[in-house]
Amino acid sequence: MNLAVNGTAHELESGPLTSLLDVLREELGITSPKAGCEQGGCGACTVLVDGEPRRSCLLPVGAVGEAEITTVEGLGTPENLAAVQQAFTHHYAAQCGFCTSGLMMAAHAYVAHGGTADQDAIAEALGGHVCRCTGYVKIIAAVAAVARGDSFDLATTAASPGMTNIGGVR
Amino acid sequence: MAVHKGRGFAAIEYPTGMNQNGDPSQAWIKVKPDGRIDVFAGTSDIGNGSKTIQSQIVAETIGVPYDWITYDNSNTDSSPVCTGTFASRATFVAGKAVEKAALKVREKILEIAGKELEIDPGDLEIEDGEVVAKGAPQKKISVPDVAAAATWGHGELITGAGAQLKPYAAIVEPETGRVDLPPHSAISYAACAAEVEVDDETGEVRVTRLVQCYDVGKAINPTLVEGQIEGGAVQGLGLGVLESCYPYYPSVDHRGGEFGSYLAPGMEDLPQIDTIIIENPSVDGPYGAKGIGEMANNSQPPAIAAAVYDAIGVWVTELPITPERVLRGLEAKAEPRREGKKVVFDEELSVNSVSNGSIRFEVPA
Amino acid sequence: MKAVGARLPRYDGVEHVTGRTTFVDDVRVPGTLWVKALRSPVHRADITGLDTSAAESMPGVHAIVSWKDVPLLEYGHLAALGIPADEPLLAKDDVRYKGQPIAVVAAEDEATAQAAVEAIKLDLNEQPALLDVRKAFDSDAPVIHQWGNWYNHFEAEMDRRQIRKGDIDWAFEHADTIVQGVYRPAAIEHVPLETQVCQVVPEANGRLTIYSCTQALYFSMGVVAAHLQLPLNRLKFVGGTVGGGFGGKVDTATETMCSLLALKSGRPVKWRWTREEEFLCSSTRAPWHMEIADAVTKDGWILGRKMLTLHDSGAYARFSPYGLTKHSFHHTGAYTIPNLAFDGYAVFTNRVPTTAMRGFGVTSISFATETHMSRVADVLGLDPYEVRLKNANRIGDTSPNRVVYTDPSTVPTIQAIAEAMGHELPADYRTMTRHTREGELLPEHLVAQVGNPEDH
Amino acid sequence: MASAPEMVFPTSPADAAAAFGDGSGVTVVAGGTIVMPEISYGRLEPAKAIMLTQAGLAGVTRDGTTVTVGAATPIAELVDLPAPLGPCAANIADREIRGQATLGGNVCAGAGHDAPRGDLQGALLAVGATARSAGAGGERSEPLDDFLANRGGRLLLDVSFEEPAAGGFAALDRPHTHDYTAMAVSAARAADGTVRVAATGAGTHGQRLLSAEVKADDLAAAGDAALADVTPHDDALASAWYRSKTLPVLVRRALTQLKETS
């Protein structure tokens, strides 16, 4: 069996009922997708299958066929971050970082498919992803910023909407 | 069908550092020959951002750019003791240890720079990676040059260690709870208003808005403070209306073993969140900071409970405020028992109703 | 440029967004064995037989560890705070919660490890479980713990955490109204996206390298060293990068068992809990049962508070006595109440032991006291902001432990929310400060409790 | 360790049916969303697995007013169908899962781990769908109620139904990650005026609410009557008590939509 990941073809030893997640992490050593639940419930393992976000823990590798797999490793490099990676940095959308890969892949696909900066639309598209750290506010802000086509200053981070500092008082 | 809107309010406090203290953190710092700074601390970064915050504290304290700092918390061979990342202590206690270590490094840099510039170290300051004579800015030497001089010229290692420990506050009178020392480092404060919508036919509660105010002492990194507050708000929402390990507590039946049967909040639950920051500096936190990581999920549940009451006139005092509890409350329309000056709610939940009498909650009238 | 106060990017931000942050599960060590646990299938039982021989002889099984293999079976994680040990690392004579580990297996792969777990012969004599903290004190309740059904090793061997301040009888006598209520927040899961995970590598020099997701490297190292009876220089904890914790990873849930398996097998071992194990077997935030009676005046002063707390600790003590103590210290919330009588019990039940979670010990009391505060205001027909501002703690007031508050911000935080919500406050409430009480804010019943901020 | 399973990749419905045989010892894999966690958790070790990805069983086709949906059609392709099917499909899990999970998996789903599964069953019952399946005795078409009652040993090939004249869908809604729906009610009026009402989450699988159908013109009466048709249960999401309290509400809401869309 063969598998194309981030533009590279791999000959696989794993059987066809092995989850794509297991193949990526354990056989190919591509560790950005995380085994958050292996039940399809959290989205930490989401990768792109021909550009569509899919839970790699739910996908038997035998069902992938000729489709091209994209993981975070295929998005951008530290020197040349993709827009979604820049946005997650500038908007502080990653705290512990464990859900981040899956969310970025879903966000990347959302914007590539013409998704808008509308909060409800983002939540509808990405709503199956669990993040326990951020409360989602800054994730939504990051995705909206990519959808708007913002450019990002990576030397600093953005304030959340609805934030006021009234300094020391009484 | 009717959807009822309600507002509720709560105000809370929370201590920083382990209760009764006695929880040390230590740090040590060394300077490379080109002036770059290596920080070693044992504080786990669980997403809270302690690598970032402690690096900022070191950069500020020594007077060098943030990107000169490397921060290593990766193992117990190189890192000294940190009791851990809990008790809202990673900024407050561990950050203080790092600050103390950085002060020693700063002192050593000034000492070497003083020798190089032939100026009393007390007349020097460090700004943005340069040691400058106070009032004579043309007299200066860069921190990299100081580090090189220390290494190759003076045969010295610029290093510093620091530790923070508040002594253990013993309970000296167990009958009354009296302690011999303050059992906390600083106390942080917060308040929260919640707005909800309650469907009186299904009992579903939707939290539509949370307005919160936190006294953080000093926001060492305002963006990270926001991250704690927003993350906490959504966990508080989970506590308030969604999450339970035992849906039929105290029964252990029907525990959810997967996402989908354990209800963690998702993006579609997100209410509008407005946050107000107050900075009343603490006495002993680094740069006046207080710890607010934990308290960030404490104010929402009572604010939501009050908002539900405001909406439908029912007090739900068992969490989470599930649709079932709302419907049962609407059905019962329970009034408190009034007897003399007593107003007694929730009698059916009390030990006085459930225990066979071995434990009672006696209230003098 | 100033570093403190600046919106600088995360130190590890680029690692996170490039997927290159190395979590424990991302560490790759050749020759690693997989670990699985035999866990109790019931809530409470006596163990009458444990036979691992068939499982040990299965091909691909390299080591099985049960209670016999642990040098120090019971170690109290908070022994330093005077909380004695009560929980065996692996169950010995009995099991007290469903999911309690009894034996752990290291094998060539996950499926073999699971098959070996299923081949362990376990004989149980099931016993009635205690699940309701309110029934733990009853004479007909099953006794489920060696210390009885509640923790009895507080200072002076007291069986409860007790706070007494002022004159509680005076307060209830002089109250216009007494408001009573019961508050019961639920057990919840921490739900870090990274489940409990550990990799242990036995090194050639006799040391163990322990890749850990602990929130507390030195704390967990101390726990492992104690159970294994080894000096700290035999252990190297590698970690510090954790995929979410929220308190649950203060537990040293996997490191000790993996270390024993690595020592016994001589091979690297790895244990990653499934999400199902995380949900069903990992420790939780505790459920609490709290009863409050407040003695109040018709104009909204809280003269006194009587309170009973039953902290559902689960099957073993772990950090629960600590959490209950912290809870008791904060049972007046952000207010000054001069007359107090608090009794709290850390009660054992046959559920998964509870542990620290964000807001440990105080999340419960904040819910109870603040919901109660809203109720008090409602019963009295007063404004909930004004009642709070009136009773708010101020500089110089004293806590339940008689510690003087030096920098409380209750007043400004409440005022800020009132303003943001457009909640109209009377002029004297709008201009109140957190400073030392005087005038109308220092009624007779609060005079005696005022302390000197300079003392602290 | 179990030996590697025999894998079959049929390329036509007939191949799939042949490979399935009488279904004994066969694990059918389409979207994988139900099967894969069981395999990953070691609870299912298939001896023989049939992968339906290339079996020609995916797609929505229309013949006049008759709609046929292949068993391997992703649920995402159903969300634009008229009510109750479209809204029901849109309410399942989240967008990624809907792209992966299939109609066949959903219709054939057994009870979940303490949460209901098979949301589409209710909507399909309401539109009077026919199930075409293969298995022992060959291919057969039957009303979905009959298929659901006796689906062991059958490979669902497709479902077909007449487009309803009007439809309604109402569900209990507590949004959270990875949404299972505690209970939902679908209602549809056929072209000939027949009203069907069905529920999921009120029993072990989707079921018609015949007593409610009889009283469909009287919303309140229909809602209350529905209780006679179900035996609600406790699970991790909701108690039997709560389901009994809210089933009439959902029936009323679904029938209200039916009226409004007529």
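Going by the order they are written in, the chains are A, B, C and D; count residues from 1 in each one.
We adopt the following convention: a contact is a pair of C-beta atoms (placed from the backbone, for glycine too) under 8 Å apart; a residue touches a chain by one contact, two chains touch by 3 or more.
These numbers were taken from a predicted model, which means no experiment stands behind them.
> Weigh B-C against B-D on C-beta contact pairs and write down the one with more.
Ranking B-C and B-D by C-beta contacts puts B-C first.
> Report the inter-chain centroid distance for chain B and chain C in whole angstrom, where each centroid is the mean of the CA atoms.
15
> What's the distance between the Cα centroids of chain B and chain D, rounded to whole Å?
Chain centres of chain B and chain D, defined by C-alpha means, are spaced 46 Å apart.
> Hey, how far is the Cα centre of chain A from the one of chain B, in Å?
Taking the mean C-alpha position of each chain, the two centres sit 27 Å apart.
> Please work out the Cα centroid separation of chain A and chain C, and write it as a whole number of Å.
Chain centres of chain A and chain C, defined by C-alpha means, are spaced 32 Å apart.
> Residues touching two or more other chains, restricted to chain C: which are they?
Where chain C meets two or more other chains at a single residue, that happens at 6-10, 12, 191-192, 242-244, 246, 274-276, 412, 416.
> Considering chain A alone, which of its residues make contact with at least two other chains?
Residues 37-39, 41-42, 92, 95-98, 124, 126-130, 132-133, 157-159, 166, 169 of chain A touch two or more partner chains.
> Of all the residues in chain D, which ones touch at least 2 other chains?
37, 41, 93, 175, 177-179, in rising order.
> Name the shape of the chain contact graph, picking from line, ring, star, complete and other.
Shape of the chain contacts: complete, all pairs touching.
> So in the complex, the part of chain B that touches chain A is made up of which residues?
Listed in rising order, the residues are 45-49, 219, 222-224, 226-227, 230-235, 258-260, 264, 266-268, 270, 272-281.
> Taking the touch rule as given, give the residues of chain D at its contact with chain C in the complex, in rising order.
Going by the criterion above, the answer is residues 1-2, 41-42.
> Spell out the part of chain C that touches chain A in their complex, as residue ranges.
So the residues of chain C touching chain A come out as 6-10, 12-23, 25-26, 28, 190-195, 242-244, 246, 272, 274-276, 411-412, 415-416, 433-435.
> Which of the residues in chain A end up touching chain D in this complex?
Touch residues, chain A against chain D: 15-17, 19, 22, 38-43, 46, 52-55, 57-60, 62-63, 65, 106, 124-130.
> Any idea which chain D residues touch chain B in the complex?
Answer in residue numbers: 37, 93, 112-115, 172-180, 234-239, 241-242, 245-246, 249, 253.
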